[in-house]
Amino acid sequence: MLARLARLPLLRRALLLGPALLIIGVFMVLPLFLMAYVSVLERGISGGVQWGRHTTEAYVRFLFERDLMDNLVVNVDYLRIFARSFTLAFITMAVSLAIGLPTALYMALQPARWRNLLIFLVTIPFWTNLLVRNYAWILLLRDSGLANGAMQWLGLTDDPIRLLYTPFAVGVGLTYSFLPFMILPIYASLEKLDLRLVEAAYDLGADKRRALTRIVLPLALPGIVAGCILVFIPALGAYITPELLGGSRQLMIGNLIQGQFGAARNWPFGAALAFVLLTIVLLSMMVYLLRFRRAPGQA
Amino acid sequence: MRSTAEAAIETRRLTKVFEGPGGGVRALDAVDLVIRENEFFTLLGPSGCGKTTLLRLIAGFEQPSEGELLMRGQPIAHQPPHRRPVNTVFQSYALFPHMSVAQNIGFGLEMQGRSRAEIAETVERMLALVKLEGLGPRRPTQLSGGQQQRVALARALANRPQVLLLDEPLSALDLKLRKEMQIELKRLQHETGITFIFVTHDQEEALTMSDRLAVMSEGRALQVGSPTEIYEHPTSRFVADFIGETNLLTARLSGRDAQGVRFALDAGGELRGLEDGGHEDGARVTLAVRPERAELAAAAAGGEGLEARVEQVVYFGTDTHYHLRLADAATPFVVRRQNRSGALGGFEAGAAVSLGVAAEAVRVLQD
Amino acid sequence: MFKRSGNPLWRFPGVAPTALVVFAYLYLPIVVLIGYSFNENRLATIWTGFTLDWYAVVLNNPDILRAARNSLVVASTATLIATLAAIFAGLCMTRDRFRGQQGVNAVVALPLIVPEIVTAVATLLFFVIVGIRLGLISVIIAHTVFCIPFAYLPIRARLQGMDPRLEEAAADLYADPWRAFRRVTLPLLWPGILSGAMLSFIISLDTFVITYFVAGAGATTLPVYIFGMIRIGITPEVNAVSSLMLLVSIAFVTLSVLIGRIRR
């Protein structure tokens, strides 16, 4: 009888898709809506929320603060953190692109045997623990770390330079964390490139630079755009890297949000910040999908 | 009225519509077909004509949108494929790559719960039948295309189905192998007595192998009959054109008399035929004449044949094709002549000739 | 692309050196970290000698062992559930055509798109509000959610790569749907399932942010524990346990790739 039932297409689909959709629906989609709702609730006395008391205080707090007479005064602190996050994410994306693109190009030009090995080598960091990888940078960048040690040994400096807990450290850490996300999509695009097109360009008088800029890069554009998105978005919402390498002065959005659920105990504000971040990410994804992928499912 | 209980497969107004953006596709349009027991039946037509769809409906991989599908008188349209006593030889063979050849062949029997001994014995018999003895333990990927094809055949035949469906099984083989397999398949069908339903787009294949065939186009079965009937008496332009080469002449039915029906050709001149194709006097008709049924003679004034001029002579070794233009200097006509006495006795390009077509050779098309 | 290396036409200036630098950049920290884990010296940076002592300390630390056990329990359970869900979903999406498939793809991809911190916050709020106690169960639930897409992708790829005629052939040969699945689909799908399960396992092991938010007391996983250790201070034990995590991840990825190569 089960077999007969299982032939009803609708029931079959519901049963097969059910587990995955239910799990993600109940434990992810629902919580996201809940989070949006929490962001318009009033903050509880000692953390938590007050149900039924609605307010837009959380969003107001983002831009303003109340002075002693309860007037709204512009507060740029949070804006600064957002600006820093955007800047860092953008720089990370730019640097990743600058060094990732040539790397992907190099990989694509290797014979097949080497290519698989190189892909494997690029992929491994992607699958290892982000926390551990960023921790390694603490070892490298701190005052008694390898970087300073090397510079002192080379005679470039006598005293250790402060490298850790600077924007520089966070940038290095972010780039390190997400570089594979830039390299792999660009490589995928380049791999599909028909080299004969470049040969045709040479044949028609283009030099190497022209061949690169007029043929190779435009055809690799889908991969480049994908890579940029895949680096920018996680960098924007990063938590581990600024936490480990940035110290308390280099707060990014991620740390700010976490703080609201830790010491600051302002859940609605935390939820509001998270919601704003989510909106930015979803909007970027929609723009990307609409502009750069004509039909879903086409690379 | 033939009793349909004899029919291995019968379709009544069988229709299949595939949903899609911008309206559906009518892959099959009200097809009525009767396929008899122990027949080698071919579905012939160009790609997209619906022959594969019909096969898949019989196998059970698709459900009909309208109409009935009967097997030995019993409706089977809503039976799932694993319950139909039908087996398929797929175009891509679809051999299970993770099983050996022997396991592939024995799969159907295993599913039916036969004993190990019986399965092993049948597998051996099948391997011998398709001349692949000793290859039982091999994996399909280790075999050549021709060998894989025979495994697919054995796998299907091992189950002694009532009907065997073959979906263009020879299309991936090279010419020589193809010809061999055509003979093999014919022999197998004869030996086993199983009804074979064979799908192909190759009309030569269809003519050589079938007991009967159906010419299909755009979801419809245009004509059903034996190879001779189809070839000699095509009823429509499409069939006449699809099977072999044909000369098509437009004419008007100008009269009837004791010797037959007279047709006034648009290209000038007159031809006699034995049938009227269901047309009335004065009707416009299309006549079909096979190139090998026409005679050429040197032009003689006042002779019986049609006036024509040789435009091109193409030598084929076994025969010669003469490309003519009829009296109006526009209508083409091809005559095929066997080179009985070598290349002698032919005509040259530019020669004026007399074209003779016997009345029996004139086919009047119904459309 | 064809094999062109060696031909000067294809040597673009600066490309090879950059690639070299990038690979060095990617692996330097890993190498340094593993290197220091063997350093005898407590004051990490100066090398004084090779030792396995720190590993011994780590492997005898009951807190670390408990955290590792929690990590394994969470990863195994989440992987099991996620892989099953992914198999069912994959079967439906690749063997059927219906409207709303794009929507399903979007939902399954959602855990990959939403930033981890946002997911962490939302999940925490959900558990607190609904009243689910924060503990190992909450972590398992949270991990299962994002393990699903990681298990799903290799499984779906493998299903799509399979000739659909094979399942038709099985049905044609009298196998009912369940037996066709067991005898034909499943054996051919198996490498994809293994691959998906391993990826899911690694991802779960490595996840920090979400676990940090939704783990209750006693549900500490290894990454969360390491974070705590780093907060306290840099010690060689941290190097050792971090190196262990690295090596485990690398081993798993390598295995997964090798499995993916079988029966291509």
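Assorted remarks:
Note that the chains take the letters A, B and C in the order they are written out, and that residue 1 is the start of every chain.
The definition used in the following text is that a residue touches a chain if its C-beta (ideal position, glycine included) is under 8 Å from a C-beta of that chain, and two chains touch if they have at least 3 such contacts.
Fair warning: this is a prediction, and the values are worked out from it, not measured in the lab.
Judged by the touch criterion defined above, the protein chains link up one after another in an open path, with no loop closing it.
Across every pairing of chains, the maximum count of C-beta contacts belongs to A-C. Put simply, the C-alpha centre of chain A and that of chain C have 17 angstrom between them.
One simple way to say how far apart two chains are is to compare their mean CA positions; for chain A and chain B this gives 61 Å. Centre-to-centre spacing of chain B and chain C amounts to 56 Å, using the average Cα coordinate of each chain.
Of all residues in chain B, those touching 2 or more other chains are 80, listed in ascending order. Multi-chain contact residues, meaning those touching two or more other chains, occur in chain C at positions 176-177.
Against chain A, the residues of chain C that register as touching in their complex are 1-5, 9-10, 12-16, 18-19, 21-23, 25-30, 32-33, 36, 43-45, 81-82, 84-86, 88-89, 91-93, 96, 98, 102, 104-105, 107-108, 110-111, 113-119, 121-126, 128-129, 141-142, 144-145, 148, 152, 176-178, 199, 202-203, 205-206, 208-209, 213, 223, 226-227, 230, 234, 238-239, 242, 245-246, 249-250, 252-254, 257. Those residues of chain A whose C-beta lies close enough to touch chain C in the complex are 3, 6, 9, 12-13, 15-21, 23-25, 27-32, 34-35, 38, 48, 99-100, 102-103, 105-112, 118, 120-125, 127-133, 135-140, 142, 144-146, 149, 176, 179-180, 183, 190-191, 193-195, 199, 202, 208, 212, 233-234, 236-237, 239-240, 244, 253-254, 257-258, 261, 267, 270-271, 274-275, 277-278, 281-282, 285, 296. Those residues of chain B lying in contact with chain C across their complex are 59-61, 80-83, 86-88, 90, 92, 94-98, 107-108, 111-112, 155-156, 159. Against chain B, in their complex, chain C makes its touches with residues 163, 165-166, 168-177, 179-180, 183-184, 187-188, 263.
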